[in-house]
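The chains carry the letters A, B, C and D, assigned in the order they are written, with residues numbered from 1 in each.
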Amino acid sequence: MQNRFPLRALFLASAIGVAAPLSMSAAWAETPAGTLVIAHQIDDIISLDPGQSFEFSGQDVVRNLYDRLVDFDPLDLKAGIKPSLAQGWEVSEDGKTITLTMRDGVTFHSGNPVRAEDAAWSLQRAVKLNKSPAFILNQFGFTAENVDERVSFDGNRVILQLDQPYAQSFVLNCLASEVGSVIDKETVLGHAEGEDFGNAWLSTNDAGSGPFTLAAWRPNEAVQLAAYADYWQGAPAMARVIVRHVQESSAQRLLLEQGDIDVARNLTPTDVEGITGNEAVKVTDELRGRILYMGLSQKDPLLSQPAMIEAMKYLIDYKGMEASFLKGQWKVHQNFLPEGYLGGSDENPWTYDIEKARQILGDAGITSGTVTTVVRDIREYLDVAQTLQAAMAQVGLTLEIQQMTGAQVLDAYRARQVPVFIGEWGPDYADPHTNASTFAHNPNNADDAGLSQLAWRNSWAVPEEMNQAVEAATLEGDTDKRVQMYLDIQKDYREIAPIIPMFQKIEQAAMQQNVQNWTSGGSVSSVMYRQVTKE
Amino acid sequence: MTEMTTRAWLLSDAPQTRRQARLGALYQGWLTFRANRLAMVGLAILVLLVLVAAFAPWIAPQNPFAQDLAQRLQPPSASHWLGTDALGRDILSRLIHGSRVTLFIVGTVALIAPVIGLFVGTVAGFAGGWVDQVLMRITDIFLAFPKLILALAFVAALGPGIGNAVLALAVTSWPPYARLARAETLTIRRADYIAAARLQGAGPLRLLIGHVWPLCVSSLIVRAALDMAGIILSAAGLGFLGLGAQPPMPEWGAMISDGRSYILDFWWVAAMPGLAIFVVSLAFNLLGDGLRDVLDPKEGPR
Amino acid sequence: MTPLLSVQNLRVGFPTRSGLFQAVRGVSFDLGRERLGVVGESGSGKSMTGRAILGLVRPPGRVTADRLDLDGEPILNLPESRMRRLRGARISMVMQDPKFSLNPVMTVGRQIAEGYRLHTGTSRAQARAKALEMLAAVQIHDPERVFDAYPHEVSGGMGQRVMIAMMLAPDPQVLIADEPTSALDVSVRNEVLRILDRLVSARGMGLIFISHDLNLVAQFCDRVLIMYAGRVVEELPARDLHAAKHPYTQGLLDSLPRLDRPVERLATLQRQAGWRDAPEEGTP
Amino acid sequence: MAQPDILGQPGQGGPVPAGHRPGAGGARLRRRLRSLGGILLSLALTLLGLLLVTFVIGRIMPIDPVLKVVGERATQAQYDAAYQVMGLDKPIWQQFLRYMAEVLRGDFGRSISTGHAVAQDLLRVFPATLELAMLGTLIGVCVGVPLGVIAAARRGGWLDQIARVVALVGYSMPIFWLGLMGLLLFYGILGWVGGPGRQGIIHDGMVPTVTGLILVDSLMAGDWAAFRDAFSHIVLPASLLGYFSLAYISRMTRSFMLEQLSAEYVVTARVKGLSERRVIWTHAFRNILVPLITVIALSFGSLLEGSVLTEIVFSWPGIGQYITKALLAGDMNAVLGGTVVIGTCFVALNLLSDILYRLLDPRAR
């Protein structure tokens, strides 16, 4: 803190000397009472179609434009899935049929009533559209060919026929994800072009029943939402929500300190620390589902040695990073299921221990070696990579860092060409299977399998027992048993896996004192605005 | 020969030999240059930079790669004259080692770009006709291209790294040299002594290499000297955008990029490398300006 | 009677690294209503003498003189604002090449009218009339067209006539003509000279005619100064030029081809270092 | 930013070809038309070449555009489907022809990184950059030209030295650094100017878009508050760009003026007794107008393309940021569209300075 003063004093002195009367705007502005203004990095949005959107910021928008059959309560995320457009559901005896009953009197933004037909069509559409998030629904055996029969409606009931008796929590968690959003069928079909199910139009427009309507989306600039006055849970307190794209943390902080925005969502740890002394703003910590992990490619002759995998776990300065450049925004977490998820484990057995690593490597006869890491050009990842680099150097290992853009890294990663990968994984939906199926499941380790699992990308042939355990966990109806199954999988995983979870994300949203009930969506969901108020 | 007579010999307005004339001209140039105090400051800074780069391991107080997370973001103090960065590395030591990187970038780009430009420009100007048309059209295309974006595209295509950044900068900065070299060639080509050399049976290649190139070089050198600062800034810009030098290499541009997330509270992390870049590119600019005064006296302050 | 221009011990120097370079070293002469030729090689200081008189030597060049009087009035190192009122109005200059000495982006007429208006304060229309009159006076047949022409649209001879018209429009007492014909074709040279001669005599002006062309000066001028290395080495009436005593003048004469008697081989001009410092002969 | 290039353009203000005499009106007109046609043709070729180079770079770049479309979790089948839809299975020359045909119809395709039509995106981002570059150039011209002229007139004097240092410092400053510091000082601490972005959030989207230049649009709508707000946002980045433009323009002006001030016609003007101010501004300055306009056009062009870093620092939603972002995402439709716009601007600026040269320089008429 005291560091800041010399610079500011210097600036002030020189500036006052230059020309004080030039002032053209008040030093401290305030945002309008009914408007929530947020600074956020939103340049990743490529579509606002719930059947296509799969980016963090896009999902933030979709979640507020649409309702789903079942959903989370923004004020009580821990309570789990609650009824939403479906006021209730039933599971058949054999566990393969789920029937959801629609709520009456809900209307879309267009004024059309929300019907079971719309809900069924929305799911069918997502499957047929077959964009990125479609796999979330396809897990239940839906395909473009069979989805018209498997998802149907009858009066005010939507009927889902699954291919396996999946755990009810698994199915509902998936329905609560953005791809399960209920879309206004009539409106969208009116804008369809060819066979696109209205995708082109819906990418930049909204046809939902959610608490907000889309007022404007200017890519890389801003998203503006307007409150939907007839929202079935009551109109939101905020008449307008404006999300402004601001890339730099320092710029977000300046905007916040000047009172030009209400919430800043991408402050770095140092900027968060920098504003803690400011009485006008507060910071909320929220545990998110994202995991920062290190993947060791099993194609690499050095990295595939068990001793190497073991040693690497001790070469990560968990506490040191957590206390320095990751401070407050990442917590040590050495399991693939995030805290807050069903079955999440909080056992963190590894510590930073150069001696132990050296011993493990020495026992295996490894005294030197060079590996490459490909890192996305994000500050935190680079810092993690450099810290690892320094630690590895102490045991005779050389880590060569190549920083690349997100697209390039992803390209190489998908081609299984990244020896050491350092990056994040964000869960796709609120069920533990989302992470289990990617970290600990790899049915085909062949190069041409073209899978998307992290295990596959790191060329890790997951042991058959673990593959089966992961699949079995989706079918366990008893929640307690299911939790135990995941705990067991994670225990085994920690022993052998070359994909090493390191940290879990804590989102620090900084906001004006008068902003209440803010939530970024916790570890299971996306941001929700309808409950936010300003005093 | 005493100092005074050497000087007189150099300054003689009636030189007796070609060597005396040439050395005399050089000495005159040096005197003009020396009289430009700003240019001398620039030269001094650059000499210092070269010395620092040459003796970096001996001068640097600490290992530029040694991390100490407990000592991160320390303000300038007795133990860390310029403070420490986000990983607790000594900024001064990194700056000192970074001078090597900067010199490497500047040196290489300033070597490659003018050479490509010289080759393309003189060939175009000398050959004329469709060769000229084609080469100049290509030059125009590269000129019309948004420069930084072209560099970005190259780095993206070749993969990040200091070598590729240098290559990308070189590839994007040759067209002005080509046009300059072509303009010079067109004037030289019409000169009588070229006609004379041609009459003596000199082939086009010989004319190009023996007569045209040496005459183009001086203006290209001035241009390159003036460009050096631009090259440093472009390289820093690439670093700022996350392409360019790879960590943990202490490249100055990348260091600003590292430090910019801490600029509000820990200003020195970004300010020190920013200052270093500023000082060095200012030095290059002062030097280039002084050089231009010497070689093109009508531009100077008189 | 006071001379129009009286110059005594005029010196022009420029500081260089090897000390002060003296371009003009103690030139003295008086000018009446006559045509005075100044001859010398390039670098002899003849042009610099003309510019020094006009006060056009810019720092760091330095001009000194024991006397520099225009019509009895000292004009050496006058403040710039006062000098400006003299320049153009009372003493003027025609330069070598109209291609360079006329502003390429301004019409001929505007350039002529500009100086005239400045010194006489007349209206635009009057200045235009005067410019057209001057154009006619330098024997341009189509003054209206030339008035609106740009310098690149007129030929060299016509350009020099425009230049003369421009410089004579405000009626100066003294005109310095610095090699006014050397950039012109031989065919138009005489015509321009004739026009210059007629205007100068008709107005009773003093003319300093600077040239390297000894024959031309001999034919055209009343009196000749021979300059070498910034110094006047000889002064004599033009008609006596053939009887010049100074070896440099003789050398200049001998190096010219002659039509009246054949010369086996043109003599090479001899220069002696001693002439630089020897007191000039023939000065009063 | 690297300083813009002028040395490449010496031909613009050059002397007139010999034989350019009055009286040859018809032939001259024909020749002029032919040379104009030639210029247009060569400009079109340049543009085509530009597109081709961009296209090839886009295709050899190891960034996979399909991935951006289908996302990280896509299966191979989804990937293959998108690959075909995007026409990437065709040979590259076919892709290029198809693209050219679409561009000629005014269709730049759809951006995969914004989900919008590229033309629509460009209409939004280009005016933002244009506004910034125009104001920057305006500042550069208004300060740089007088500074350069005075520096040349007072050659070697203290003003000349100051102008030199000002320019050299401008050339040497990393702009992103200066931008961050400026934002911190004038916005963060003093609150004199608006923060990042083009507009304050209250005014965001309130003024109807006509030209896309918010300053102009707000004036047209008569919304003074919006104008003031937009001005307070643009003034800092525009001043920064203006500084760089100023550095360049003042240096070039000075060098042009020095050349003219040593010309004979300046002596003529002085002989006529004109005041120094008249000599400089009416005589010498009019002669540098043509090359100066070329310099200003070049400087404007370089601000259009070279403000990427400024745009990032100030969250300015301009074309530089747009292209950079698209490039790094492998979004080639957007990159090509942006390149076409900037290339066209460059070409148009060249054409404009050529036309102005013909209008302003009597020797070219």
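Throughout what follows, a contact is a pair of C-beta atoms (placed from the backbone, for glycine too) under 8 Å apart; a residue touches a chain by one contact, two chains touch by 3 or more.
Chain by chain, the UniProt names read as follows: A = Peptide/nickel transport system substrate-binding protein; B, D = Peptide/nickel transport system permease protein; C = Peptide/nickel transport system ATP-binding protein.
For clarity, every value in this text was computed on a predicted model and none was experimentally measured.
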Central subunit by CA centre of mass proxy: D
C-D against B-D, pair bridged by the larger set of C-beta contacts: B-D
Between chain B and chain C, centroid-to-centroid distance (C-alpha), Å: 49
Gap in Å, rounded to a whole number, between the CA centres of chain D and chain B: 25
Centroid spacing, where centroids are CA-atom means, of chain A and chain C in whole angstrom: 88
For chain A, residues that touch 2 or more chains besides their own: 248, 250, 254, 405, 408
Residues within chain D bordering two or more other chains: 62-63, 180, 184, 188, 312, 328
Chain pairs that touch, as defined at the top of this document: A-B, A-D, B-C, B-D, C-D
Chain D residues touching chain B - in the complex, by the definition given at the top: 1-3, 5, 7-11, 42, 45-47, 49-50, 53-54, 57-58, 60-63, 155-156, 160-161, 164-165, 168-169, 171-177, 180-181, 184, 188, 255, 258-259, 262, 302, 305-306, 308-309, 312, 320, 323-324, 327-328, 335, 339, 342-343, 346-347
Residues of chain A touching chain B in the complex: 1, 3-4, 7, 248-250, 253-254, 268, 270-271, 273-274, 317, 320-321, 323-325, 377, 379, 382-383, 385-387, 389-390, 400-405, 408
Of chain B, residues touching chain D in the complex: 38, 137-138, 140-149, 152-154, 156-157, 159, 173, 175-176, 178-180, 183, 223, 226-227, 229-231, 233-234, 236-237, 240-241, 253, 256, 260, 263-264, 270-271, 274, 277-278, 281-282, 284-286, 289, 298-299, 301-302
Chain B residues touching chain A - in the complex, by the definition given at the top: 65-67, 69-70, 72-73, 75, 86-88, 156, 159-161, 242-243, 246-248, 258, 260-267
List of chain D residues in touch with chain A within their complex: 62-64, 67-79, 81, 110-116, 121, 124, 180, 183-197, 200-202, 204-205, 228-229, 231-232, 235, 312-315, 317, 321-322, 325, 328-330
